[in-house]
Amino acid sequence: MQIHQIGRQITLTSRLDDLGHLPLKELKTLGGGTAVGMDPIGTKEGDWVFTIANSAARDAAGDKRLLSDLTVSGIIDNWQDIINPDDK
Amino acid sequence: MQIHQIGRQITLTSRLDDLGHLPLKELKTLGGGTAVGMDPIGTKEGDWVFTIANSAARDAAGDKRLLSDLTVSGIIDNWQDIINPDDK
Amino acid sequence: MQIHQIGRQITLTSRLDDLGHLPLKELKTLGGGTAVGMDPIGTKEGDWVFTIANSAARDAAGDKRLLSDLTVSGIIDNWQDIINPDDK
Amino acid sequence: MQIHQIGRQITLTSRLDDLGHLPLKELKTLGGGTAVGMDPIGTKEGDWVFTIANSAARDAAGDKRLLSDLTVSGIIDNWQDIINPDDK
Amino acid sequence: MQIHQIGRQITLTSRLDDLGHLPLKELKTLGGGTAVGMDPIGTKEGDWVFTIANSAARDAAGDKRLLSDLTVSGIIDNWQDIINPDDK
């Protein structure tokens, strides 16, 4: 799993039906990159979360039919202990 | 999922039958790289899209028999908020 | 499989039910990065471990229903031979 | 999917039976790296191809029992438009 | 698939049962990194091999129940043609 910080919600046109109705969120990686995750738990911008990838991401989204390869799966409480600016 | 910008359509010889008839598009990554995605939604060059990888990519292409490991799954409306030249 | 060093235990709010009750641990990569793994074997901070990713990670967690894409699967005894500061 | 250029054919000892009889080819990545792909379409050194990874790679090889995580799936006709020395 | 050079055998405590009895070997990547692979073919330190990842890795290990995401699948005979110090 990976640690990400929640960014903006993404709005789409030409959205595939099997994406369902869960919000898609911009995710900032620790290395400075950008990914997109499905968010079944209701996070807000700035939250530090952990995400599950690949086949388990579909189950994490709550329904194996949903199309997701990266799903937000929990908000990290003790992120101050882990996201340490000293070792970034 | 990842954010990509649509490039050229790719034309192939010796194409495998199970690739189906959907167009294959060059995808530019935020980090400056290049990938190839199957495009079931009809994008045009320059569109900012999000893509689904791996096993979910086949369902996203509309038919589990189609051979795809990366499928274009939506056009991003608010890309100006997300693709920010300041933090690239 | 990858080699990781165990860091802090991660505490979560809004935890998905199918994560089960196994601890989630911060994992330090050899390249200086950070990941998160499910820990079914009871490691402690500083242990050098090897981890299994993707679909095998769910079986490694002991139950295919558990949501994991990275599972701690063994403590490396001879890490001094392998984690050599000279070639890092 | 990824874009690769075909390199040398790889010859193996201690080859696993389930690799079948398709040739294995060295693949040069756009970023300067090296991978290995199964080649069911008969490419020659120097061809620019696109490759399919992971679970779809096995179907692309023509038989789900074949062991492949990366399969050459088409020769790119218009590679001059896409592999542009200016943006490498 | 990837090309790796065999390093040390890894010895484990707290080994999961479903890892079976095949040796686990340190693998050196062409880029200077380190991974771990299951070795069903009996390689020795210094051999250049190719490895299969993800779901096919379990079949390559000889038994779908074995936990492996990276399995050594053949020794490369003509590595001198491919591992060229000039382009590393």
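Quick notes on this one:
We just call them A, B, C, D and E in the order they show up, numbering each chain from 1.
We take it that contacts are C-beta pairs under 8 Å (C-beta built on N, C-alpha and C of every residue); 3 or more make two chains touch, one makes a residue touch a chain.
By chain, UniProt protein names: A, B, C, D, E = Carboxysome peptide B.
Everything numeric in this text was worked out from a predicted model, so none of it was measured.
With steps allowed only between chains in touch, the distance from subunit C (Carboxysome peptide B) over to subunit E (Carboxysome peptide B) comes to 1.
It takes 145 degrees of rotation, in steps of 5, to superpose the Cα atoms of subunit B (Carboxysome peptide B) onto those of subunit C (Carboxysome peptide B). Distance between subunit A (Carboxysome peptide B) and subunit C (Carboxysome peptide B), defined via averaged C-alpha coordinates, is recorded as 20 Å.
Separating the centre of subunit A (Carboxysome peptide B) from that of subunit E (Carboxysome peptide B), both taken as means of CA atoms, is a distance of 32 Å.
Those residues of subunit E (Carboxysome peptide B) in touch with two or more other chains are numbered 54-55, 57. If you walk the ring beginning with subunit D (Carboxysome peptide B) and heading to subunit E (Carboxysome peptide B) next, you pass the chains as D, E, C, A, B.
Subunit C (Carboxysome peptide B) meets subunit E (Carboxysome peptide B) in the complex at residues 1-3, 30-31, 40-43, 50, 52-57, 59-60, 73-78, 81-82, 87. Interface of subunit B (Carboxysome peptide B) with subunit D (Carboxysome peptide B) (complex): residues 7-8, 10-16, 18-19, 24, 26, 32-38, 54-55, 57-58, 65, 67-70.
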